[in-house]
Amino acid sequence: MTGNIHEECGVFGIYSPNTIDVAQITYCALFALQHRGQESAGIAVNDDGVFTVKKSLGLVSDAFSQEDFNALGKGNISVGHVRYATTGGDSAENIQPIVINHRKGRMALAHNGNLTNSYELREALEEKGAIFHSTTDSEIIAYTIVQERLKFGSVEEAVSSAMDIIKGAYSLVISSPSKLIAVRDPNGFRPLCYGKMPDGSVCFASESCALDAVNATLIRDLLPGEIAIAENGKIRFDTSHCNKVPKSTCVFEYIYFARPDSVIDGASVSEARQQAGRFLAQEHPTDADVVIGVPDSGLEAALGYSKESNIPYAIGFTKNKYIGRTFIAPDQTLREKNVNIKLNPIKSVVNGKRIVLVDDSIVRGTTSRRIVDQLWAAGAKEIHMRISAPPFISACYYGTDIDSAKGLIANEHTAEEIAKIIGVTSLGYLSMEHVLLLTGKNTGFCTACFDGKYPVAPSKHSEKSRFERKISEAKKHKN
Amino acid sequence: MTGNIHEECGVFGIYSPNTIDVAQITYCALFALQHRGQESAGIAVNDDGVFTVKKSLGLVSDAFSQEDFNALGKGNISVGHVRYATTGGDSAENIQPIVINHRKGRMALAHNGNLTNSYELREALEEKGAIFHSTTDSEIIAYTIVQERLKFGSVEEAVSSAMDIIKGAYSLVISSPSKLIAVRDPNGFRPLCYGKMPDGSVCFASESCALDAVNATLIRDLLPGEIAIAENGKIRFDTSHCNKVPKSTCVFEYIYFARPDSVIDGASVSEARQQAGRFLAQEHPTDADVVIGVPDSGLEAALGYSKESNIPYAIGFTKNKYIGRTFIAPDQTLREKNVNIKLNPIKSVVNGKRIVLVDDSIVRGTTSRRIVDQLWAAGAKEIHMRISAPPFISACYYGTDIDSAKGLIANEHTAEEIAKIIGVTSLGYLSMEHVLLLTGKNTGFCTACFDGKYPVAPSKHSEKSRFERKISEAKKHKN
Amino acid sequence: MTGNIHEECGVFGIYSPNTIDVAQITYCALFALQHRGQESAGIAVNDDGVFTVKKSLGLVSDAFSQEDFNALGKGNISVGHVRYATTGGDSAENIQPIVINHRKGRMALAHNGNLTNSYELREALEEKGAIFHSTTDSEIIAYTIVQERLKFGSVEEAVSSAMDIIKGAYSLVISSPSKLIAVRDPNGFRPLCYGKMPDGSVCFASESCALDAVNATLIRDLLPGEIAIAENGKIRFDTSHCNKVPKSTCVFEYIYFARPDSVIDGASVSEARQQAGRFLAQEHPTDADVVIGVPDSGLEAALGYSKESNIPYAIGFTKNKYIGRTFIAPDQTLREKNVNIKLNPIKSVVNGKRIVLVDDSIVRGTTSRRIVDQLWAAGAKEIHMRISAPPFISACYYGTDIDSAKGLIANEHTAEEIAKIIGVTSLGYLSMEHVLLLTGKNTGFCTACFDGKYPVAPSKHSEKSRFERKISEAKKHKN
Amino acid sequence: MTGNIHEECGVFGIYSPNTIDVAQITYCALFALQHRGQESAGIAVNDDGVFTVKKSLGLVSDAFSQEDFNALGKGNISVGHVRYATTGGDSAENIQPIVINHRKGRMALAHNGNLTNSYELREALEEKGAIFHSTTDSEIIAYTIVQERLKFGSVEEAVSSAMDIIKGAYSLVISSPSKLIAVRDPNGFRPLCYGKMPDGSVCFASESCALDAVNATLIRDLLPGEIAIAENGKIRFDTSHCNKVPKSTCVFEYIYFARPDSVIDGASVSEARQQAGRFLAQEHPTDADVVIGVPDSGLEAALGYSKESNIPYAIGFTKNKYIGRTFIAPDQTLREKNVNIKLNPIKSVVNGKRIVLVDDSIVRGTTSRRIVDQLWAAGAKEIHMRISAPPFISACYYGTDIDSAKGLIANEHTAEEIAKIIGVTSLGYLSMEHVLLLTGKNTGFCTACFDGKYPVAPSKHSEKSRFERKISEAKKHKN
């Protein structure tokens, strides 16, 4: 699947016992997390209580110059963030990490997830006189922590107290003047792991691939609800918020969001995808000549299907690796001619073959339809589409950009109808039963997007709670 | 005088009865106010309660693109700001106008001046949980207004109440969702005038030259302490803060800061400068062949001196009009060779002449010394320097960047010594007596920089109150 | 193999019977050819004899803005080029296509390849008074054509005559005011194919993947020595230079340079790579648990090895798809820590396994060593490296950037020694015998880089012939 | 007069006996010449025969970064150029200096002026096979010199021989590998002076203000037809082309183009302008209260008028010094409201006064009309306009952008009619008799724009000879 659902963020933090080049380490880590957010990036360096931050729109490689690194300087703590912005416009103020210069609560904060009670929290904070500069949940979290900080002696007490107030999905990395704190929400919606570098530095990251990128060794993911505090060269844990609600980690992290070389909660993403392919072969067997995956996330599932079914695996597409965000879309006429810009089928592989085509999801159907059309044009005899997840029917309120069920093809059509709409010979989805077993025994997944069962109640304001939306509606109304 | 003292800001606001292109009108006005701040510029447009803002580092002409204007759109209220930043670094968050998205206090605010109790106000607000994003007084003013807004029914009541809390120099232009409010502090430190456009729009501006630029007719300056409220197509005034303290408008506005085509508190800046020259000729007559002024602010004073003394006026320098902020300074060797980049004397005017050289001030002496050296090199026989202001001996806490008396040459040397240091035949300053009469009878000037009598007590934290300075010191300490 | 050898260019041309958006079509095609040159890109549009050109450093997606397309406008002929520049510095004048505004020879020209007699040609042309603006062979070709143009009636006669003068590797696309001409050198060193679009437009491209990208149907590659002329809605061919020397197409196009979805001289690149893998399995069998390829060009060969050997295929690496040219390399310390930025092994695939690792080449050995180290660190038990080409021992003078044998590891070491240097359990190269059979029967390949047998004699000036090198040496000498 | 006629270029060259920072010296000089061309700038550094060049669109301050200076490095010769481009579009290839990498004629060349036989020269050179990359006369000159270089032993012989071939206006600065050569055409249309720096370096510059900027002492202007050669630490002269035709220097250099601090052919520009004002007072006396000049070039003439007439001089306008090329013009509505953006009258000076308004020219009348309207609006009682030049009635073919008499208001109307059109009380032009005496006795001026007497016959192709125009017409025709 190419570009229809988006993870909203990736976070990273490093605490070093020494003053080192934490900015460049964070930069390398953010590169490895780039797939979790391509619209902006930021790095905050804490040099003994003095915070310097650089934030910019664009990819990590475009966002930072050598001058930026000179300005960031060295330090012993750094927090980094990559972001996918759901709203357009001048979102410069929404780029993370957020740096707060409050005399009792100076901190840098990076957040992956989405709160479900942000509307109510913002309203209450504003009644007290708080003024928000961005429209992000992250700023609400920061303000809440600062409010709690005025009541407690330590920043970790303030964070712990804030966890009783904020609801929803949040993986946080927070630098106070002398500590680096990481928090995973009690449901564990989003991953958050930690590792150690040979020099004793502690790193927190959304995915373990970022640890690999900085030569840190993965220790484990934080437990749902766990708070980790790195300070004075040591790391300690507060588990007082753990085990109060069932774990409900986003299963789409395994199916699509995460990189295959990452390990989440002890399970390899690559393995989970291959397992999805094997389950698919059991559930939806077929006669075919070749199994091909849609790059990149469908490749491992295709390999799993091939192994289970003994139908040969093949590399069926070439993906153009240079197409970025700035591609100037050709006009309507050119697009209608079915231009094979992003993905091009390899004719010698496809021509005259009965094909099993494995992808991770069908969101609105248009992308799938285009890929299928390409295969027919390249001479495919049959196309048996297999999806390594159940049908996607409900909105997600925990950190992706599908915040409405409207437009989801599986919400409106049966699998048979979808097969016709996208033009395949047959179509099979992974079952709910199997999706829970992707990493072995059922280890606790959020499957709300497949079944509408929400582990944390969405906001009553959920469809309308975002400030920017109200503004833009007002704007629209006036023009 | 070329670039030694800096005004910190210029403000503009427009309220129109109709939805028009207020952004472009503000843009034209900011051009006319560019001399009051060249480091950043911002425009906020209020379209029936929806605020859009564009802010950027650099000159007005570089700060806004056609796309920015498209994004700003039309509206009925706009607020604009140009800024000279006293501290370096990443000051993007300090660019004005500040836009506040608080549910009871949505507003855009632009500020010219400097508070004297910002340290205490910020401390108190943070104790309540407020979080500041910038290090500007403007944000402190905005937060204070929002705090008062929670107690009162109307934004103008909140503004009036805030005036009892904030101390120092402030000329403000504030847009609430439906009103445009302008405020001049009770001392009237900085100018703030208003005018009307033919279509009934009301404009507020730091100087009347900005009204000329948008074809508005100057009505008058606000009184010290006056609040003006434009709403429902009308303008009304609150004078409850007026006449409680004596007027003390910065006399340097007339001598140097303002444009000669501006009229402040009913007096022409051009006339005031010519008058300074006439006074100088009375106080410090001399035999000479020609009177020349240092461009640009010394020209009118030189003309006044010439008229009073009957010594012919001449144009003695060519000023390079293309040198901007990005000029890459030649290295030390080249600079020592006395490179005439910015100002070049016209030899045919200077050679063999006894010269009266009129300038507006001597701050540290280095610039004056360089200009004088140029004249000697061009063949001057005598150089009689005349300064159209008294000696500058004390710091200013009301909106310029001379916040310390350290390094001011007149603070450490007599006029005779200074004459020797900068190498002139004779040197004469305008007397305190005459400076008070520049616009006719004494109409109330702040002359603290000449006599150390501060109309509003400076902060005890004044030398250390700025947040950025503490940060940068901490930084320096660590590196 | 990741980034050690570089193809120097990709070319594209379109001739349409109508005035259409040829610029955007060329843009899409250049995207598909981006792997052949990432340092600069250019598009020239010919609108009824009026040429407009846009050229820029950087990737295609960065090189052209919407404004550029507006400026290029519509036309009936367009020529495009992507380039890998072998020398640094200010190469703006070397970007192609070259546009010549000569009154008898107005043309746009794009070139892929390298002449072997450019030094002599340039010398002779300069003796006649020619003045060169760039240091490219392409400008020499253009000048030669213009010189011949003064003797002949038609541009195609001039091109044909120029082919008797220029020596070496050249695939050219040339637009005269009314014709589009494509030329492949008599040896056919570089590919050059053509296709047709549904509206009758004719396209020429370095690779057929560019035809796919614009929805054109591949007809065939030009014959070595063939000239194709598109004019008046038709295409005609001049084969007078064909079959005078044996075909010697670069075999590395199949092994590494070309995209797997391209078809060159009738043979699928994907198939050729899989065949290389099958040959490797026959030549160098081994006991192992898994076969993995080095992305991207080693994947198909790994799949071929797997099929022939029945050792399971696996996806062993995740390649970071966001790392571009602007990545700021971490400093030495960080690099020594073995940072896995570009490629990261998937531990669950590698750990505890005996691995067959397939790559396309070993150039200097450093990249291979780093990849092998990563696999050991990820827990590999054995690493059997298989290279889908013979050892690379000689310089290439026909359009790649390996213009010296110095530093080529296979030039100095045996396979056994190389195995030790890069740290693998065993190492096997594809044999010369098999490399000639990659596309079936021996169809005529240049294998000079494997055996030093040069189909066209290299220039005596070859090591020193490049103008920029002389300049830079002179420069170095002086500083 | 503000922006209606444009000088096309300024040139500078330095030859130093030592290897020094010639790039930065050239940069300072170009700043001083910026008024002669604001659209692009270039610097070529010659370090012992190795040329490095940086050229960019925009002002000098924007065109060069610190990186550019690093790249340019040190050297002993440098050539610089500022340019006003008469045609829009992608003129990057037209930026000077031109650097030629020909093996017998490596050189950098900068040119101010316009050839009258460029069409014929280009045609003849192309017939021999020459290929032009730009559409500038400068490239034609360079090619001609190279052609002659093939016949002669030395570059100065080639230059001298080329002077028999090229016709029209040219002030050239040329660097060969070891020499710096300056040439002024036999008519001396454009100025070109030279000076010496304290370290023995020789500088050539379009105006002496550039010598002042680099601390060089003006020696004299080159004679019309003179060639100066700096080599081996010495300067020598070739006068073989001198005194063959009468001197005809552009009188507009004195009236408008040059800076007032420059000295041309021994005469001060400031003095010449004051003299023009004195002549005007004699020719066109009037009763009035005040004399004001239109900034900047009208100021000295106004001062001269004031002195001769005893009517007091005043500063009547404030010119906005921040308005550059990127000002986004307000839309029609705003412009019609008579926005005083660039120039604003000072009301206290103008109101109720009878004014003598001195400007240097009236080209089309629109700018003058707008200024006059502003004065009426500011309360002027009478406006007596005085122009410090005769009526402008004919095209200029020697280096300005008025290449057609079409649209020149004086070509179609009498002075009385023009007075009515622009709305002044009276209007007086300087007489032809007096304009010849501006610098004392008649020293030989080109007055073709006033009387149509052309010292060198314009090309028959003059109206159509420019390549870019033909192209753009063709383009227009097609779209």
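Lettered A, B, C and D in written order, each chain numbered from 1.
One rule holds for everything that comes next: contacts are C-beta pairs under 8 Å (C-beta built on N, C-alpha and C of every residue); 3 or more make two chains touch, one makes a residue touch a chain.
It should be emphasised that the depicted structure is a prediction, and the values quoted were computed from it without experimental measurement.
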Reference subunit D; chain at largest CA-centroid distance: A
Whole-Å gap separating subunit A and subunit C, where each centre is the average of the chain's CA atoms: 36
Whole-Å gap separating subunit B and subunit C, where each centre is the average of the chain's CA atoms: 61
Subunit A-subunit B separation of Cα centroids, rounded to whole Å: 49
For subunit B, residues contacting two or more additional chains: none
Each pair of chains that touches, named by its two labels: A-B, A-C, B-D, C-D
Footprint of subunit D on subunit B - complex, ascending: 21, 24-25, 27-28, 31-32, 34-35, 38, 59-62, 64-66, 69, 198, 209, 212-215, 259-261, 263, 268, 270-271, 296, 299-300, 303, 307, 312-315, 317-318, 320-324, 326-328, 330-331, 333-334, 337-341, 344-349
Subunit C - residues contacting subunit D, complex: 47-50, 52-54, 71, 73, 89-90, 100-105, 123, 125-133, 135, 142-143, 146-147, 150, 467, 471, 474-475, 478-479
